[in-house]
Amino acid sequence: MSEQVEMDELAYSSRMVNWAPLGKLLFVMCLLIVGIVTDSILVPIISFTIGILLMAYSTNLKLPLLIILAIGEAILIMVLGSGMISILGDHSQPAIWEGQFLWFSIYMTEDSFNLAWLIFFRAIAGVTLMLAFASSTPIPLLSYALKGLRIPNEIIELVVLIYRYAFLLLERFLIMIDAAQCRLGYNGSMTAMKSYAGAMAGTFIFSMELAEKSEAALACRNYDGTFPIFRRPANMSVLWVILSFGLAIGLYVFGMYTGDVINPAKLFAPLFGWDL
Amino acid sequence: MATLLEADNITFSYDKKGPKVMDGMSMKIEEGKKTAIMGCNGAGKSTLFSLLNALRKPDSGKVLFRDKPLTYRHKDIIKMRSEVSILFQNPNDMMFKPYVEQDVAFGPENMKLPKEEIEERVQESLFAVGMEEYRKTPIMKLSYGQRKRVTLAGVLAMRPSVIIMDEPTAGLDPQMAYEVMEIAEQMHSSGVTVIMASHDTDLTYSWADELRVLYGGKCMYAGEPEPFYSDFESVQKAGLLLPTVFMMNRTLADLGKGSLEPYPRAQSQMALKTAQHKDVDLGVLHVIKAERDTDIKAIIDDYQLGGMPTGVYGMSARMALRATSTDVDFLYNGPENCTMKCLNGQDSVLICDPLMFDKAVTSAMFINEHGFGKINIDVV
Amino acid sequence: MSEIFRLEDVTFTHPGTTRKVLNKMNLTIEGGSRDAVLGMNGAGKTTLFYTLTGVYKPQEGTVYNHGEPVDYTRAGLQNLRSDVAVILQNPDEQIFCSLVEEDVAFGPLNLGLDRDEVERRVSKALRDVRMTPYARRPLQQLSGGQRKRVAIAGALAMNPKIMIMDEPTAGLDPQASMEVMELAEKLHLQGVTVLISTHDIDIIYKWADTSSILYNGKIEYSGPAEGFYSDPETVYRCGLLTPSIFNMNRDICAIDGMDVDPYPRNCCEFTAKFGNPKESGRLVCVAAEEETAAERYEEVMKDLKGVQTGVYGSDVRYALTDNGIDFRFDAMDMCFTDAVRGKDSVLFYDSIYTPTIKEQADKLRKIGFDVDLEVI
């Protein structure tokens, strides 16, 4: 949960916080899609680079540990995943590496090796771009932006309130954990369990009381059923659309012509002595 | 006096990039003293408490408990926390169990005490806060003030040697605030070191022996309250104001009405210091020192004290009172109420816990000692 | 004075319970007054406030607003609530948006005001509570005291005719409390009816003209505070205390055979009454606006080098942040007390407070002390 808090703080302090949320979303989606529909490995590499650059700009060149860890984690998972893909090649093609590892039979072909790299870069490009978006767009701003997409008011309102209360409840829960510690609530694992349960129950009761009181308070502030928005996040300008689609098309075309420029298997061939 | 708790040049921030909440904080809390900690919003009081209680670990510097640096090993922390208790500002933060008695037993149970001992402590601490008839009540049904008392009982039941009270009177009505203050005094009388953080300048001024003022993550003043309040620039910088009584006393001294010292700290002391006529007959303050089994009715009859305004102060006095089902006029703030009656020329009776006697007659003694008037204190 | 609210035999029970939180309550609230509502926890203060805003509809009795019974239709309530703003004790209960600015705008937007007006009100309200730099910050990053300020700003932005403040100083440090009381005074001078409920008897005694005491769902007393405090038994029964300054005045007067009236309510009045002051110090009161304050300061202080200075009001306080002011908070009382001590001082204040200053000087005159006051 504390990661969410950090993400939230990051989003608010981002240099891109005032960019149009929908614009950012469109931009990221375009890059993601074009990365998937082209076969050139260069396209996801470019997307990944754009993602990293955006993040560097967003955080003013101070990439927080949280983000680095998240990307690191994604890389790690994808290394394993693409590793698997690379060794499960199509047996109708010649193998560049064949062997047995425990009960796995390894059959790596040129295509499977290349495919693995492609998927690896698509995946980390995706993760990086999504993180760049998430770390620069606080949830309330996003939900306000969604209003423009004709999402029903009730849902937006729910998102806004849940978001607000999630923090209040978290705050309360953390204080209660502190209070439990003061009363030796973590002296032994059984006790610790009970203390957590107590803190949960306390937080729950608090949420009930808060909900009850909020109703009256909302009425006092003239709430009439729709949540007003004061400073609407910047609207998505045409520029965003042009930029996003332009870049996507450009990359797509670029991908068509560069599909064969980089062949990872060939690159690595000398290293491993593969005969292609 | 021995130093009980000490912060030695502590720095601390909640996250690495964030501002330093503690920035070279050094302070000592002496054993057996009543220490008030003051400072503006955001001066770092709550953080300091969590550091003193090993809820957080300082980035640099040390916390010492009985002159030994905290090790932050599980066993040591448990031992330390059974001695140092925090009363949180909002009672709802300390409610872990659905029923009153269960919640009060929470601490003692965690200390792995035997059943009988837990039972005894629960009973005693619930009595001390005047909530024993609510033993089996669900906490949900209690009001804010009642919840505050239950949490206080929960802290008392752990029998700590230090209690840290964070804004103990916030949100309480004046009477209940006095009840809480009486319990704090009771604990102090039984040897507990009491630390209190509060924004109420007047309240802390009348209560504290020692003052610690926090500002910008540092301890900017440590010592008796008067020297601090005499330096108005610092007071203002720290986000505080002068206690009303202090400001009046200083102004009157400037006008040549009496000297600056002795400093009156409570309203009755201030009133008598100001009054011109020092020889007017004030009332007699009859103090009955009552143990738990003292027959108060009999004493009141023997000494013909019936019909006078009567106040009660301290736990054993309250127990004795209940045993003989005697009615009193002042169930809270007994000493000040009785003293005030005396100032108006009326005799009054204060039924008082022997341990609390000194506290009960502070104002009367102040008035007598400095010749501001004469309240006869008649100890029964 | 016109009557703003009148409660006639109002009884209210929370649904599902049996206790009458308000029990045949009768109360009249006059327009433009400084009102205090006092009572112990559970006496029904919060319920009363919600009844005044039409959130709770009494089971019996009638609530009159401007002489008309409250109309509980949607339009009627909208109308009533655009006049009445409430600040709750716990800010978290009344803050609904995640961004400071959004939340302050919440009320005005619900009123259906146009954007420019909302913009103006939000920026003014945030400035009044000193939260302008935090406009785009999320609430969860703010401290308790800052959240309180946001809640106050949210109420100010409604431009209410009646402002109800439930424990406005709870949880605030002494200086911040003083600022809130200054704000309450300012609203009062702007013609807003201000209703404050608090446990801080000493602070409210200095400020309020009338006190209404709640006990067991009824109004036990309504009128000038002294009338209530003179009856200690009732005070005690209602779970309250007498202000310390009231007690001291009573005791000293009893011993020295003086008249308890006029009642001193703050430090300067107390010391003027009992200190036998001789010559008044010179008190120069300089009315200023935010834009002109710095200029006025230079101009006035040229001839008054080394004299103690104070500021009263948030506009002047901002404007003179860097000017080495001696009394930055509670300055009115400090400066008048200095005059009693025979010391000279200069008080810079937001010009709206002129009547408050005159009132203070009049009060001292009644006590028998003429302040050497010069308002420029």
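A, B and C label the chains in the order they appear, each numbered from 1.
Here is the rule we go by: a contact is a pair of C-beta atoms (placed from the backbone, for glycine too) under 8 Å apart; a residue touches a chain by one contact, two chains touch by 3 or more.
Predicted model, so just to flag it, every value in this text is computed and none were measured.
J.: So which chain is the furthest away from chain B, centre to centre on CA atoms?
T.: Ranked by distance of C-alpha centres from chain B, the top chain is A.
J.: Between B-C and A-B, name the chain pair that shares the greater number of C-beta pairs in contact.
T.: By the number of C-beta pairs in contact, the winner is B-C.
J.: Between chain A and chain C, what's the gap in Å when you average each chain's C-alpha atoms?
T.: 49
J.: Report the inter-chain centroid distance for chain B and chain C in whole angstrom, where each centroid is the mean of the CA atoms.
T.: 29
J.: In whole angstrom, how far does the Cα centroid of chain A sit from the Cα centroid of chain B?
T.: Centre separation, chain A to chain B: 51 Å.
J.: Would you pull the chain B residues touching chain A in the complex into a rising list?
T.: 15, 17, 50, 53, 55, 78, 81-82, 85-86, 88, 90, 92-98, 106-107, 109-112, 140, 154-155, 158
J.: For a test of understanding, state which residues of chain B touch chain C in their complex under the given definition.
T.: 39-42, 143-145, 167, 170-178, 199-202, 232, 236, 239-241, 244-245, 247-248, 251-252, 254-255, 257, 267-268, 270-272, 274-277, 280, 329-330, 333, 340, 343-345, 373
J.: Hey, which residues of chain A end up touching chain B in the complex?
T.: Answer in residue numbers: 6, 62, 64, 172, 175-176, 178-185, 187-188, 191, 194-195, 198-199, 201-202, 205-206.
J.: Show me the residue ranges of chain C that touch chain B in the complex, using the header's touch definition.
T.: Those residues of chain C that touch chain B are 39-42, 89, 143-146, 167, 170-178, 199-202, 236, 239-241, 244-245, 247-248, 250-252, 254-257, 267, 270-271, 274-277, 326-330, 337, 340-342.
J.: In their shared complex, at which residues does chain C touch chain A?
T.: The touching residues are 50, 53-56, 74, 77-78, 81-82, 84-86, 88, 92-99, 101-102, 104-107, 109-111, 118, 122, 136-141, 154, 158.
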